[in-house]
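Multiple structures follow.
Both of the next two complexes hold subunit A, though its partner changes from subunit B to subunit C.
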Partner chain A sequence: MTSPAQMAGYASDGLGYKTFPPDAVVIPADADDLARVIAVLKGVPICLRGAGTSLSGGPVAAQGGVVIHTSRLRAIRKICPEGLWCEVECGVNLNRLDQALAPYGLCYPPDPSSGPVCTIGGNVASNAGGAHCFRYGVTGNYVLGVEVVLLDGSVHRFGGPAGGRGRWQEDWKRLMIGSEGTLGAFTRFWLRLTPRAEKAWTFRATYADLASTERAIHGLVRHPAFPVAIELMDPRAVALVESSSMAMGLPKDHFMIVTEIDGPAALVDRRVESVAEVLRSAGSKDVQFGDSPEARKNLFQARKAMGGLLGQISPDYLVQDAVIPKRALAELLQLIYDEADQAGFPAVTVMHAGDGNLHPNFLFDSSKPEELEKVEGISKRLMERVVAVGGTLSGEHGIGNDKSEYMGMVFGPDSLRLQLAIPQIFNPRHVFNPLKVFPERRFAA
Partner chain B sequence: MKALMEERLFEPFIDATDGVLCLPSGSDAAEIEREAALHGLRFPLVVDESARLCDQVAASPFAPASSRFGPYCDNITGMNWELPDGRRVRVGERVVKSTTGYDLLRFLLGTTGRYGGPVDYVLRLRPACDVVQTFFLRGDLSPLRMAAAEILQTSWIHWFDSMDFLAAQGCGPLLRIAVNCPPGEGDAYMDFLSKMADKHRLSLDHSPGLPLDGCPDLVIKTSPALVLDTALRLAEHPGTKCVALCCCGVVHLFLADPGPEAILLLARPLEKELYAIGGDWSSRHVRTNAPASPEADWILTLRKEWGLP
Partner chain C sequence: MKQTAALPQFDPLSACVHCGFCLEVCPTYQLTGDENNSPRGRLRIWREEAAGRLEAEPMTDFYTSECVGCLACETACPAGVPYGEIFEKTRHEHVATGRFKPKLELKVAAMAVGYPALFNLALTPVRALRSLGFLPHPLVFPGRPAVLESTAAYARRFMALRKPDGPRVALLTGCLMEAMFREINFATVRVLIENNVRVVIPDDQGCCGAFQEHTGLDGVEALRAKNRQAFDGHDVECVVSNSAGCGFALAKTLDGKPPVRDVLGFLGGLGIKPRPRVAGNARVYVDLPCHLVHGQKADGIPKAVLDATGYEWELAPCAKDCCGSGGIYNIQKPENAREILARKSAFLDDAAGEPVILATSNHVCMMQWNSARSLVRRPFQVHHVIQLLDPGEKALLNS
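And then the complex of A and B:
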């Protein structure tokens, strides 16, 4: 495709306010086709793209060139229940994989909120996480092997169903996972599976102040029930939901925690009261919990509603993805409030609280140039503070071109040299996804 | 972009709220336990009470408790790393989740000295529970295999620290299941395992404590579906004890004579089938060969870019 109308949907990712129109879009029929396309494309940047749900400016043609859309590589090639693995092509949708695994009593745990749309390829490229990765882990914990097309069109497998190195001396798949399309083009994966939990309980509690909320979080992370998810919404996020058609009667000025436990019924059923007691003893007067699918969905609903609501009420929003030491939560929330209030932007914050993965959302209008400048200034100051307190820039969204300018905050001179060496191995001219992860990665024809 | 600061090396610390502990990579199990237990926490991936942690990590990427918590690389969140020329760099983070840059942490943790070695680790700790028990299912091979396969498909597998199949010449095979749970839950584990024993006509007994096998001499990485067969084949060799980490698809071998020749005799015949499924073998007693093309070029580029001789 080369006409602007056909390519309009490829100019941006989930950060819709930054657009990078490609010169052409190619949709290969299969992996062989994809390898041939890469081998013949000379002298232009190449950007691999799955569903384009990235929130970091990842799968966009930042320096122009060709976007390769992997939507036709969508076969679930094999499910091996006894080996606890499956083989999938890169364009397989996450929720579709989950549906395919359900009859076997198995699951693939990473669950980014874009599950209905996103692809496994994008998940592996950004090492996606989700609400339930506090106990289950992120995408990288489940990738046993990757098949990659390198710049010269050669195809290599790193790992496989067994999840080791294969014939290689080094475990190259470790560098491929989370590499954000900068090293090669993924075609398929071997993924580790795990038995589905027999039973789950969902809990919801609200708190009048942050100190009580933190007590609950700290109690949950050390509880022997090992919650699978500990989700936090700040009062501004709760108020946003309560002011919408999704309102469910939560106090608008309270923090809200949603947590889940799962496992064999014989274990989880006897843990219910002790988890509820952690939530109550921290200061909540409205702890609710349930184990029926309907009750659990209802208890999680406010948290799930957030993404859609943001898109409805604001022309644009910038979401950050910092991971912080949990002791720094109060300081960083205050910084978010001070900055947003001073700039006149609404800001709502949600957090995968078990991991310390903080998602402040700043609502603004990118058609007003001064607002974009302001919000990017806030973002930079927030990240400086995150790094200063011992945190990091991204927990599950990746760096893309949204946070690449901040990498100098994280890496000292020698560590930066180590990092920049990786693309020199596989993609020295930065043909694949230039200007992503590190701003030095500029394509030179 | 210019780096704005000097290397942000980790200093020793413990953060009980985040469950992370930074200490020298040469620390042993007692030193780790001393720091963690003060806060009701533990580092579960210990295989040897006296060995340095860096030697345990070098001996195998997995420990029995990797069944529940994943390999070492999922439980070490950061490290100070010394390059062969003496430069020290920080790799990874003190927080438990990061997608900031290329994953050098996991890459380097899997290497064997070519790019230097660890100086300090940041370990992810877990809540320590009062009941620490190891259960043993014993009986004929066929029902043991069936029991192992069945347990692997239940959500109980998430709650056992480990489920290992032990095989050696002269000893009957057995399934070893380790549990670390609160006092009020011990009977639930016992009920489940008793039912499993009855169903498959196996005997069940238990003892306090978690298994400590020591550092393996040879490690085979295969798939959970093939791990028992692999262990049984290898256990036919005299002087070989095999511990198959069922959930991880890993066989740890302990040899009476762990010389390089004995290890190559065991490992080489398996290479073809292992490589076909993305498996591998490694041994702390055997030096790796020179890499082949194109990997040799990749390694050369990496060393050159890192300024290594």
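And then the complex of A and C:
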């Protein structure tokens, strides 16, 4: 596909206000077709794309060239219940995989909010996380093997069903996970599965101030029930839900925490009261919890609704993905609020509080150049402070081209040189996904 | 610790956040894997063109014409983008400016539905053929409609015989439903009267306008104005519709004055009289029309109503996904519609039960399902759910 209209749909990922129309788009029918396309394409940048839900400007043609859309590589090739693994093509959607695993009583734990649409390929490329990764870990903890098409069209397997053990001993798959499309094109994965939790409880509590919110978070992370998720919404986020059609009677000026525990029924049922007590003793007067699917959905509803509601009130929003030490939360929130107030547009902040993954959303209008400039300035100052307090650039969205300029804030010249050496081996002219992760990675014909 | 900058007001028209949640539910994205053939892609193309960053070009016209209009994207959208509204407006513009040309037979039909009496007369031979058991086209499903008596006359007759004294409703009889598939209207009248509902059929009602909306042709406003007048002043609790698509279109027209309800949802709220348990191995698979669940935003067909059919039933797999009918999509884009149906109907081959019955609540979906006879290897029946609730004429008169 090459017409300008056809390029429009592929010009951005979930970071919709930054557009990079490619010169052409190819949708291969299968993995062999994909390998052939890569072998044939010479002298143009190549960018692999799954469902395009990334929030960091990852799967876009930042330097033009060809986007290869893996939407038709969506076969779940094998589920091995005894071996606790499955083999899937890169375009398999996460929720559909979950539906396929459910009858076996198995699950693939990483759960980014984009689960209804995102693909495994994109998840592996950005080492995606999700709310429940506090206990279960991120994508990288579940990848046993990766099949990759390299620059010359040759197909290689790093790992396999046995992971790092057995016949496929090399652990090069670790290099592939989180490589954001800079090393090769993923076509197939072998993923580790776990038994589905027998029972889960969801809790929701609100807090009048940050100090009591932090007490609750600190109590939860140390609780022997080991919550699977600890989600935080700031008062602006709560107010956003409460002023929408999804209002559920939460106090608009409060912080809100949602947490979940899961495991064997006999065990988790016994722990319900003590988790609720942690939330109450930290200062919440409205702790609610439930174990029925409807009750759990309702308690999580406000958090789930956030992304969409942002879109309803603002033409654009910039979301950051910082990871911070939990002790620095107050300092960072204050900076976010001060910066937003000074710029004159609101910030709505949510956080995967268990692992310190902070998502401030700055609401702005990209059609006004001064607002775009302001928001990018805020983003940079925020990241500087994040790094200064001992945090890092990205928890789960990846670096893409949105945060590549900040790499030097975290890594010294030696580290950057070594990191850049790896794509140099696989992809010396930066054919695969140029300008991503490192701004120096510029394609040269 | 507080911010001073206030939250902005809700603005649905700039709402798309590019999250892509619409991709997995979009039938044409599922068919093609092409982002441009998804709601997010189409919105992007339309917006780029509207902003002057993209010139009008054939591919834009193509992707616009590809949309089935099932509105599953509206259900999936977390940001409340009014996709259906934007799509209809764009399609109408494309047809008005010659960028898209609907098929001639659709243009003729669109004109004809504006004259219900003529339309009814013209389709008399089809009713006659159906009533004799001849099916002139794969989309025409079996049934035994009255050839001459209208639903209005039928309802008057049965109202006089049975004299129900419960809630009073107006029935939308529809154009194609009345002209071709009248037996469904008759069954609707019988079920309502059996449940003590007083049925009024406004004489001067016309086509709901869905046909024009689907084709992008002019004339919607005239049809809407006619129906606003026709359904005004009947002192009814609501208008009931036995077609999810027509009900959705009429609801937009009447805007709550009076409210429009799907007849099955309405019956669910009454405590419906059940049919006796059906003995044997028959099983009903219920498919939910897009314009019921995604258009009217109903949860589905009430469980109590489906239980009242007396059949063993379950939802068809992917019951909320489009069957490919899309009003007239199966005529406008037959290859796409057939492929969507092939995927959706594949389950029938191995479905439990004998006979298997596919039941839904929209006549155009029934037409599409009927055409699956050439895709599915075993025989199956297609019915409207209201037909499974039907006491039959004799039983109604004798009870």
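The working rule: the second predicted complex is superposed on the first by the 439 of 445 C-alpha atoms of A that agree within 3 Å, B and C clash if a C-alpha of one lies under 4 Å from a C-alpha of the other, contacts with A are read in each partner's own complex, and residues count from 1 in each chain.
Keep this in mind: a residue touches a chain if its C-beta (ideal position, glycine included) is under 8 Å from a C-beta of that chain, and two chains touch if they have at least 3 such contacts.
Here the structure is a predicted model, which is why all the values come from computation and not from measurement.
When both complexes are superposed on subunit A, subunit B and subunit C fit side by side without a clash.
Contacts of A:Gly122 after superposition: neither subunit B nor subunit C is touched. In the superposed pair of complexes, A:Pro81 makes contact with subunit B only, with no contact to subunit C. Of the two partner chains placed by the overlay, neither subunit B nor subunit C lies in contact with A:Pro59. When the two structures are aligned on the shared chain, A:Ser114 is found in touch with subunit C, with no touch to subunit B.
Put simply, more of the residues of subunit A are touched by B, taking subunit B and subunit C as the two choices. In the superposition on chain A, A:Arg72 makes contact with subunit C only, not with subunit B. Measuring from the middle, so to speak, at the Cα centre of subunit A, the directions to subunit B and subunit C differ by 130 degrees in steps of 10.
Applying the stated contact rule after C-alpha superposition, one finds that A:Pro45 touches neither subunit B nor subunit C.
When the shared chain is aligned, no partner comes close enough to touch A:Gly130: not subunit B, not subunit C. Nowhere in the superposition do the C-alpha atoms of subunit B and subunit C come closer than 20 Å. In the superposition on chain A, none of the residues of subunit A is touched both by subunit B in one structure and by subunit C in the other.
Contact residues of subunit A toward subunit C in the complex are 1, 3-6, 8-16, 27, 51-53, 69, 71-72, 91, 93, 95-96, 114, 116-118, 209-210, 235-236, 239-240, 243-244, 253, 304-305, 307-315, 317, 330, 333-334, 337, 340-341, 343-348, 363.
Interface residues of subunit C facing subunit A in the complex, by the touch rule stated above, are 1-12, 14-24, 29, 32-36, 38, 40-42, 44-45, 48-49, 54-55, 57-60, 63, 76-81.
Taken together, the subunit B residues at the contact with subunit A in this complex read 1-8, 15, 17-19, 40-41, 70, 73-74, 83, 87-91, 93-104, 106-107, 110-111, 126-127, 129, 149, 152-159, 181-182, 184-185, 188, 191-192, 221-226, 247, 249, 274-280, 288-289, 291, 294-295, 298-299, 301-302, 305-307.
Of all residues in subunit A, those touching subunit B in their complex are 80-85, 105, 126-127, 129, 133, 137-138, 140-141, 144-145, 154, 157-172, 174-175, 177-179, 190, 194-198, 218, 221-224, 226, 262-264, 266-267, 270, 323-327, 352, 355-357, 390-399, 404-405, 407-422, 424-426, 437-440.
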